[in-house]
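Note that subunit A is present in both complexes that follow, paired respectively with subunit B and with subunit C.
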Partner chain A sequence: MLELLDWLDRPSVLHGLHLVGSLTLFVIGLYGLLGKRHLLKILMSLALMELAVNLLFIALATTSGETAPILSDGLTAFTGMADPVPQALILTAIVIGMAVLALGVSLAIRYHRLSASADIRALADAQD
Partner chain B sequence: MEFSASPIWFIALPMLAAFSSPLWVRWRVLDQLLLGIPLGLLLLALGLFATVQQAPLIETIVIAPPLGIHLHLDSAALLLVALFCFAVTLVAAFLWHGATETHLRGRQPFVLILLLLAGGNGLVLTGDLFNLYVFLEIAGISAYVLTAVRDDRPALAAGLKYLIIGSVAGVFFLLAVVLIYLQTGQLNMAAVAQAFAEIPPAMQGLIAVLALIGLGIKSELFPFNFWVPDVYRGSDPAITALFSGLLVKAFLFVLVHLAVLIWIDPEIARIWLMTLGALTLMVAELAALRQDEMRRMLAYSSLGQIGLILLAFGFLHESTAAGAFFHLISHTLAKLLLFLVAALLLRRVLSLHLDALTGAGRVYPLTVGLFVVGALCILGLPPLSGFMSKLWILQGFAAAQTFWPIALILVAALIEAGYYFRWIRVLYAPAAASAVTDSKTSKTAPESWATYAPLLLLVGLMLLLGIAPFVIEGALVDAARALLDRDLLIQSVLGVAAQ
Partner chain C sequence: MSQRQRVPLRKRVRVKTLLLTLLSAWLLALFLTLLLGQARDWPTATVGDALLTRNAETASANAVTSVVVSYRGFDTLGEVTVLFLAATGIGLLFSAPRPRSELSAAESESTPAPPNEMMITGVRLLFPVLVLFGVYIVLHGHLSPGGGFQGGVVIATAFLLRMLADPNFRLDHVRLGWLEALSGSGFVLLGLIGLILTTTATFLGNFLPHPVASLGQLVSAGVIPLIYALVGVKVGAEVGAIFQDMREAA
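Let's look at the complex of A and B:
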């Protein structure tokens, strides 16, 4: 059992698991985006895809044993810390993703109030 | 560093002004600022041309020593920044005196238009991939809201559609950036350009495809541009003028810039870009033939011109790239004019459908006359700037002994002539008690001269550039050189020569 845990903790195995997991999430999001009709489900799929990319980046840029890249509590040097760049980038990407999602949901609600429909196909047909 | 010499102003000033908008509302200076800020930046950009010609301006804003934001202002970026500031100035002037629609007045459009300008400027100025993603989203979000700002059903539908497709593009681009960082450990574009060759070829291909999907959606290339006419149809023509004049051009520049920088083998980049450009050109022009709604027709025509510009850029040769920059400017002028004319017409007639506009030329001679001038400029008739820009592109291809793009561009021009003359014919057809004359009485009084001033300025510029292209020839050639010279860029940023 312990050997299995050790094996799982090796960076290559861990990264492989993270890679497979986040790519699965990405594909689920892509499926929802293409296959679903409800606007909120489509926005959720979008959020899922973004999440998958964020997860992929964070997981592959860190290896187990590294600490958060924050200088405090006696830590004064960047040793044994994770690379801070991916974390800063993903924090920004999360904020942007949330803003887009909030905007999308509020537009969807407005649209639903005006048209009593939340179907993406109605969106495509409502022309001229 | 001198106060005026920093490229950061092109991004920071519109943002600062946008975020302090409550103050401007209280002081009642919104309209003045919306015109004044882009105008000031335009003057700054014009003043910088001589400086940038000597050496590109590079600004690094350091947050904490290893982390910083890097801006790169070379001749190509400066040309586009000046063009963007000009486009926003013009639309702001049009809105100030001309806009009667309440949703185009006040704080919302003020904030959004300035953020769109900041995003567009940031896209062409940034030298850092993640910053590029942030600016892509800033420009994107302001564009989504601007599309939906009218807050009725078609506008919301268009805004939602734009938001969904735009976010998908953002995710794909982010994934490409993430993979680049994981492979090279770099985000600075010049450093990435140096390190990219060492990535395994399969990964190179994956990154290129992901970035191409993301930027292809954003810059409206075939086959990722099915959504464009719906968005252009649903939003206001004055806003669409900015999308066609500013936003697409920014993304197109980013695409070409990244392709030049990152793809080591120019042959492969050339095949991809030229194929995409040629396909976009032909498909869009053929689709435009069948459009019966003015905004849709203009949207497809805009797509066609984007394809033409990419075709010329994609050849990755100085002579065609200079022509492509010229055509980019010329197309922005013409499409601004055409979309603003559509905005004027929409104010007086109920629909921009072909049938509803029969005989409009007899009722509104000046407005429709301006439409004809814009259409002729797109077609490339002398003495308008569209003629000179297309001629430059054709000359560039001819000088390089490559003839299939020439044939393609000429065929596309014929198709363009087909649909634009169809519209012109209908606009001047005798109106048999049509909807135009009926709706004239129901809608408002004639426009003042101030409404037409920006449009007449556009016509003046088209004539000037058509008759005297040498006015900007130096700037165009410099821009083409700066865009295509990969080594120079890497050297100026990193201080070392490329391998």
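Let's look at the complex of A and C:
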């Protein structure tokens, strides 16, 4: 049992598991993006893909045994800590994703108001 | 059973869904083989490690904050600009006049139900706590997990709750615009002061005194908490404006 836990703690195994999980989420989002016709569902799939990438970045930035890159009571030096750069980048990516999602949803609402439909096929057919 | 057999195969299996599933599965397998090969010998020394060893010079206990505001501060400025553009776009979309036919229809169907007593009392209790919590998160960005983005969004959420509980509550767009403009130009101004002063001579350079001895105290890390507070005000005002636009449109 302990050997199994040690094996799971190895960086390559841990990163591999994170990779499988977040890529599965990403592909689910891709499927929704290509296969769904409702605009809100498409936007949701986009958000899901984005979250999968965020998850991947955060997961790969750390290995077992590393702490969050923040000094607190017990910690006095910046050693043995997770990489802060991906965390900082993902922090900004989350905010941008929120803003882009809000913009997309408001475009979808506006389109629904004008045409009383939320179907992307009708949007592709619209000429005027 | 007999009925099922009469339906031809191409109608029972939807070809498009099948093809999409196959495509997705193929992409998953491709990504996995590419990236799992990489994962076997993952790079051990990264830029982040170099920044971590240098991080004590910023006197910020939170290394993520010193990356966001100091080392990668220019990215943060661009990101705040993108947020501003998105908020402006949403305002533009919802400020366009509605077609007349739909206006009367919207008025007749969607008079929102008045908020119930639970909502009103709950928001009255929660609102000050949420605002205080947001301010705390913003001001302690250089000491603990948190910062301008997170705290700004918490504050904006407090105002969203107010909007839901009180139909007459309105965030003034002009005042929000002023807040946004002042905090945004304050950010750029602090960056430019860092550029002009000869002691730092870099954009967003930390020109205020930031002794390493004060690491972990509220007043430490020089210019970092100031910039993060400005970012917090800007993000809060922008997200609040988005909420207000969406509520007016509903």
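Here, the second predicted complex is superposed on the first by the 123 of 128 C-alpha atoms of A that agree within 3 Å, B and C clash if a C-alpha of one lies under 4 Å from a C-alpha of the other, contacts with A are read in each partner's own complex, and residues count from 1 in each chain.
Going forward, a residue touches a chain if its C-beta (ideal position, glycine included) is under 8 Å from a C-beta of that chain, and two chains touch if they have at least 3 such contacts.
It should be emphasised that the depicted structure is a prediction, and the values quoted were computed from it without experimental measurement.
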| item | value |
| --- | --- |
| Subunit B versus subunit C as contact partner of A:49, first or second or both or neither | first |
| Subunit B versus subunit C as contact partner of A:23, first or second or both or neither | second |
| Touching partner for A:57 - first (subunit B), second (subunit C), both, neither | first |
| Contacts of A:103 with subunit B and subunit C, given as first, second, both or neither | both |
| Which of subunit B and subunit C A:31 touches, first, second, both or neither | second |
| Touched partner set for A:114, first subunit B, second subunit C, both or neither | both |
| Which superposed partner A:39 touches (first subunit B, second subunit C, both, neither) | first |
| First, second, both or neither for A:88, with subunit B first and subunit C second | both |
| More subunit A residues in contact [subunit B versus subunit C] | C |
| Subunit B versus subunit C as contact partner of A:123, first or second or both or neither | first |
| On subunit A, the residue positions that both subunit B and subunit C contact, one per complex | 26, 60-61, 84-86, 88-89, 92, 96, 99-100, 103, 107, 110, 114 |
| Complex interface listing, subunit A residues touching subunit C | 11-12, 15-16, 19-20, 23-24, 26-28, 30-31, 34-35, 60-61, 68-72, 77-79, 81-89, 91-92, 94-96, 98-100, 102-103, 106-107, 109-110, 113-114 |
| Residues of subunit C that touch subunit A when the two form their complex | 16-17, 20-21, 23-25, 27-28, 31-32, 35-36, 39-40, 42, 46-49, 51-53, 55-56, 61-64, 66-68, 72, 75-76, 79, 82-83, 86-87, 89-90, 93-94, 96, 98-99, 102, 144-145, 147, 149, 153, 215-216, 235, 238-239, 242, 245-246, 249 |
| Residue ranges of subunit B in contact with subunit A within the complex | 67, 130, 133-134, 137, 140-141, 144-145, 148, 151-154, 156-157, 159-161, 163-164, 167-168, 170-171, 174-175, 178, 181-182, 187, 230, 233, 293, 353 |
| In the complex with subunit B, residue positions of subunit A that touch it | 26, 33, 39, 42-43, 46, 49-50, 53, 56-57, 60-61, 84-86, 88-89, 92-93, 96, 99-100, 103-104, 107-108, 110-111, 114-115, 120, 122-124, 126-128 |
